[in-house]
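Chain IDs A, B, C and D follow the sequence of writing; residue 1 opens each chain.
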Amino acid sequence: MAVVKPDFANREGLDVETLRAMYRHMLRSRVLDERMWVLNRQGRAPFWISAMGHEAIQVAVGMNMDPARDWLAPYYRDLALTLVMGMTPRDHLLSALAKAEDPNSGGRQMPAHYGSRTHNIISTGSPVTTQFLHAAGIALAMRIRGEDAVCVTAIGEGGTSGGDFHEALNFAATHKLGVVFVVENNGYAISVPLEKQMPTPNVSDRAVAYGIPGVHVDGNDAIACYRSARDAVARARSGAGPTLLEAKVHRLTSHSSDDDQRRYRSAEDLEAERKQDCLPRFRTLLEDLEVLAPGDYDTMRAELVAELDEATAYAEAAPDPLPDTAMRYVHAEDA
Amino acid sequence: MAVVKPDFANREGLDVETLRAMYRHMLRSRVLDERMWVLNRQGRAPFWISAMGHEAIQVAVGMNMDPARDWLAPYYRDLALTLVMGMTPRDHLLSALAKAEDPNSGGRQMPAHYGSRTHNIISTGSPVTTQFLHAAGIALAMRIRGEDAVCVTAIGEGGTSGGDFHEALNFAATHKLGVVFVVENNGYAISVPLEKQMPTPNVSDRAVAYGIPGVHVDGNDAIACYRSARDAVARARSGAGPTLLEAKVHRLTSHSSDDDQRRYRSAEDLEAERKQDCLPRFRTLLEDLEVLAPGDYDTMRAELVAELDEATAYAEAAPDPLPDTAMRYVHAEDA
Amino acid sequence: MPSKTYLEAIREGMRDEMRRDERVMILGEDVGAKGGVFGATDGLQKEFGEWRVMDAPLAESCIVGVCIGAAMNGMRPIAEIQFQDFIMPAVDQIVSEAAKMRYRSNNDWGVPMVVRAPFGGGIHGALYHSQSIEAMFCGVPGLKVVVPSTPYDAKGLLVNAMRDPDPVLFFEHKRAYRSVRGEVPDDDYTVPLGTAALAREGDDIAIFTYGIMVHTALEAAERLAEDGFECEVVDLRSLRPLDREAIVASARKCGKVLVTQEANLAVSVSSEVSAIVAEDCFEYLDAPVMRIGGPEIPAMPYAHALESFYLVTPDKLEAALRKLAAY
Amino acid sequence: MPSKTYLEAIREGMRDEMRRDERVMILGEDVGAKGGVFGATDGLQKEFGEWRVMDAPLAESCIVGVCIGAAMNGMRPIAEIQFQDFIMPAVDQIVSEAAKMRYRSNNDWGVPMVVRAPFGGGIHGALYHSQSIEAMFCGVPGLKVVVPSTPYDAKGLLVNAMRDPDPVLFFEHKRAYRSVRGEVPDDDYTVPLGTAALAREGDDIAIFTYGIMVHTALEAAERLAEDGFECEVVDLRSLRPLDREAIVASARKCGKVLVTQEANLAVSVSSEVSAIVAEDCFEYLDAPVMRIGGPEIPAMPYAHALESFYLVTPDKLEAALRKLAAY
């Protein structure tokens, strides 16, 4: 197997295993994501909302977390991040097909509304921004108990316009809580472009308001993402407080399967963004670095597709929820 | 009558009339405020919430506004500001005594909940921070109609923790609306000190988040207040957009007549702040500058007290609201 | 009269009023180039420009709060909330500010603003794109709450809402947008706020309902008519204020009452209608007042089987009506 | 048993549970050095430190949202909202998040959190320090809503609320804080959520009410007793879920029903109680269900004459009861 060129390895502190794992996580998310769109077009999954274009930052953040003690308060684009935390394609296919066994919500929520107690991933609803305050509360509990754990939360730049964004950063910074606030800035809130959402180009500029580090990074550059995620998580773990970490990403699909972005974006724009896709770019880098040998990609993809086929078959065969289970779990039932 | 020393006049662009008017406005607010406390202690006014210590910034801002076209979305400490805009001690005494004729609310709201359509002062409720969004909306209407008017809004530093603060600044800055966001930072939200509210000492630092000027000024220095208010209002009027203007002030009283700040603040602190009171400081300056001649102060105060006595007598004689008028004006009645 | 969808009627109502009244403007997420997620504002930004049809940041308190300020300064804003489920962050601005502005200022100030939002389920929208949370506002003095069931009413009520000097919440059933058609005059007309409408006359059982459930109720009523039971279907239309007179008149006439809605029942519009009937029709009633609505679960789930479980269908209504008829 | 005020009982409930359970913490404005604006948390920060009794920034969504997160990560937080009127900015966190967390996660997650807030008027608090807006939450599945009327219940219900695995809204009538006294055991006891209590037995008229109005109702009932009419006074205590069984039992027993509350009536707890009675007691009723509550105005004004106009007094209740008795 290849070794990372020493200058690169030394500079970035990344070994072959880590680099391959990163790429594998990204690719695993991508092939799953592609499958979801296929199922959607086939009419088998009524809804999908994609992570395509956001994978690098998500994987970078996830790989710097310790799934055993760290927590995640994700948003609906965090497919790759949930996979790094330990969820599986099968989990999400069960959700896409709204099966009883779906660990996210038992088929109650739309797909891409992630959650798993086993993996310290809190349940995500649809209202945006609320999770930022939950993350502060999760980190507060860690702080009260004196744990060196970290809570990561993520959001689109659109969600940062909501009041809870401010309230969460203010609270977490005031008490130096161990939160990493990740903003996946793809320049659009559905159809509303950045310049109609906010007056400055960088969400990370707002860190000044809270006296915390604000970092923005090219979300198509997996290595840069990894570096900044590592710093932010380390800072949170050390007790120094939160970081506002913004990745400039592209939304390589329409907002969701209900949207058609060609209505409000030019073909050139979309084409230009597609060319900057973080996956091929990272693959090229790893091939240049000889971390991926010729043929590695095909093998890796084939493995992932095989896993996916199995998961799809499993999910399709799984039973639907029974109608009257709709009445369950409004409150705890063992009380 | 005295003239302002030329170096001062030139530097600050302030003439005698302006300086005297400033001081008179401040004093008028202060004597009214003192009267309110007397009425409260006498059991004649069940509630009061004071502007003492906040007068300089309020008067500075108000004097730079044009009451004929500019608008105000105040908060409950803006007694002096409402007086500069044209409201009178009588108006507020009618409110303190909850009289039918009270132009603020007809005795419906607590005292210090200001409002007057005649003076472009929108009605203030108790929930803090909401007015920041109203100010943005008022300025949006001005912008749509192409008016060169300005909307000023004010808040305590406590209120800046709420989500509406962020949403308002973000919206106003995005659209370069003509708003001046004034923060009267007295270091306390009732009993909660600044360091438990926010991670940085200056609210004005948050301007960076919105790409607008953020200014903080010594709220006990009337001249500095005037200067920064002038700039902020001019900027708003020019179409360049909002300013975040923070004045560091002292709350020279308990939060309200229902509070006793000796429970949570040291006597030394309170004493130290009292010594920096903006009124005596400004009076000393004006006497040094010979803008106030010996005796001027006494005359001015006597005039203001006479006005106040008349207003008090008027308000006390005014009729209470009739019980069943409580049913009126839930909706417009002439529809 | 030309036939139009519920959605077209709403769009036309806004467009026509914006042509007539320069003060009308729209602020909401995706209302511009995209024309709204349901297309309600399609084409309006093109016609009226970016200042009168403004894409808002993703912040509902901002949308409503800014509209309140604009309304106080001479505009007639429409705040579009993308889904009724997402109105929650704006509750403070709606309930504490808009609803109380006139009252607290003793008539000095008013907030002539319309808040539009699509609600209701049956479209696989799951927990947060299917709710019917109107009850939350129907108990709030200072607000008017309107839910049209037909394209005619949708346009006529919306135009009136835009002309109202006070805040009006205008809730549109999203399943009706494209599925409900009806005749809508091209020209200016209004439908009065605060009044119910008789969707069907009958004298055996009075059904009170609103929104798309009016159509469900009509369908169930037809089934009973086959067996000679004539249901009166009252389309409440205005949920605040309720048209007490119309409710009492139909309840007294029929002597039997079914109140139905898509929302869960506890402390809801159905409760109030029931309470009104209990207060004012005691001597006329031949059976207990019956209510049929959503179950007491947080919201409508995504999985088809669960969503169906939630919804009030013509079958469920028919069964309830037959029970009442037999009482 | 020692006699304590309603306020003391609440404070003691929190203190005792904090001693027993390290996970219990309080987050709210001014709860620290000041001990809360009403003194409910007086002394608690001193005993439990700044991390377990935390002064919050002035941001209610933050208070509740942070408590939700802390609850999901093993704490048992109490969110104190300074006045119920100021709960509005937290409605999204309460209704969209806390109330739906268990359901949406299919029982994977829960939010064991108590939200405490003082409500009600008669203390010259004017429009925004006097409201009774509990109805807004009583229709929301996933929430429990509790309003104690006695010191005994206040402590017993609060302790139970803190031990509940799901979110509980705990509303305290601020006029009761110092004016209502009663016996409160020093030791650990609980009062079950979800149950009503019989505050007075009778069989002529059933009065359903809650909070401080229980005392008003008792006073009116005594006046009627002088003339031989025995009112049953049912203290609802739990507004969600309502104790349907207890309501139906008392209504059937008495045959005449008065529902009363301080809040305005439309789409409120009174509506639901009335609807329950109309549904389940039809054959037992001897008179229309009567409701007495606040008028349909945005809130209680400040001026004494206007505030008095708003409030439901023993006199108003007595008059209504006499009407019912004579029916």
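The rule is simple: a residue touches a chain if its C-beta (ideal position, glycine included) is under 8 Å from a C-beta of that chain, and two chains touch if they have at least 3 such contacts.
Since the model is a prediction, treat every value here as computed from it, not as a measurement.
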Could you tell me which chain lies farthest from chain A when each chain's centre is the average position of its Cα atoms?
B
Equivalent of A-D within the choices B-D, A-C or B-C, defined by over half of its residue contact pairs recurring
B-C
Please tell me the distance, in whole Å, between the geometric centres of chain B and chain D computed from their C-alpha atoms.
37
Nearest whole angstrom, what separates the Cα centre of chain C from the Cα centre of chain D?
30
Give, as an integer number of Å, the spacing between the C-alpha centres of chain B and chain A.
46
Which residue numbers or ranges of chain A touch two or more of the other chains?
105-106, 108-109, 113, 125, 127, 161-164, 167, 170, 174, 196-198, 330
If you look at chain D, which of its residues touch at least two other chains?
56-57, 59, 61-62, 85, 88-89, 92, 96, 100, 103-104, 127-128, 141-142, 296-298
Mind listing the chain C positions that touch chain B in their complex?
25, 51-52, 56-57, 59, 61-62, 64-75, 77, 89, 92-93, 96-97, 100-110, 141-142, 144, 164-166
Note which residues of chain C are touching chain D in the complex, please.
61, 85, 88-89, 91-92, 95-96, 99-100, 103-104, 127-128, 133, 135-136, 138-142, 240-242, 263-272, 274-275, 277-282, 285, 287-291, 296-299
Report the residues of chain C in contact with chain A in the complex, numbered from low to high.
29-30, 32-34, 37, 55-62, 85-86, 88-89, 124-129, 295-298, 301-306, 308-310
Considering only the defined contacts, which chain B positions touch chain A in the complex?
161-167, 170, 173-174, 195-200, 205-206, 208-212
Of all residues in chain A, which touch chain C in the complex?
46-47, 98-100, 105-110, 113, 125-129, 158-159, 161-164, 189-192, 196-198, 258-259, 263-264, 320-327, 330
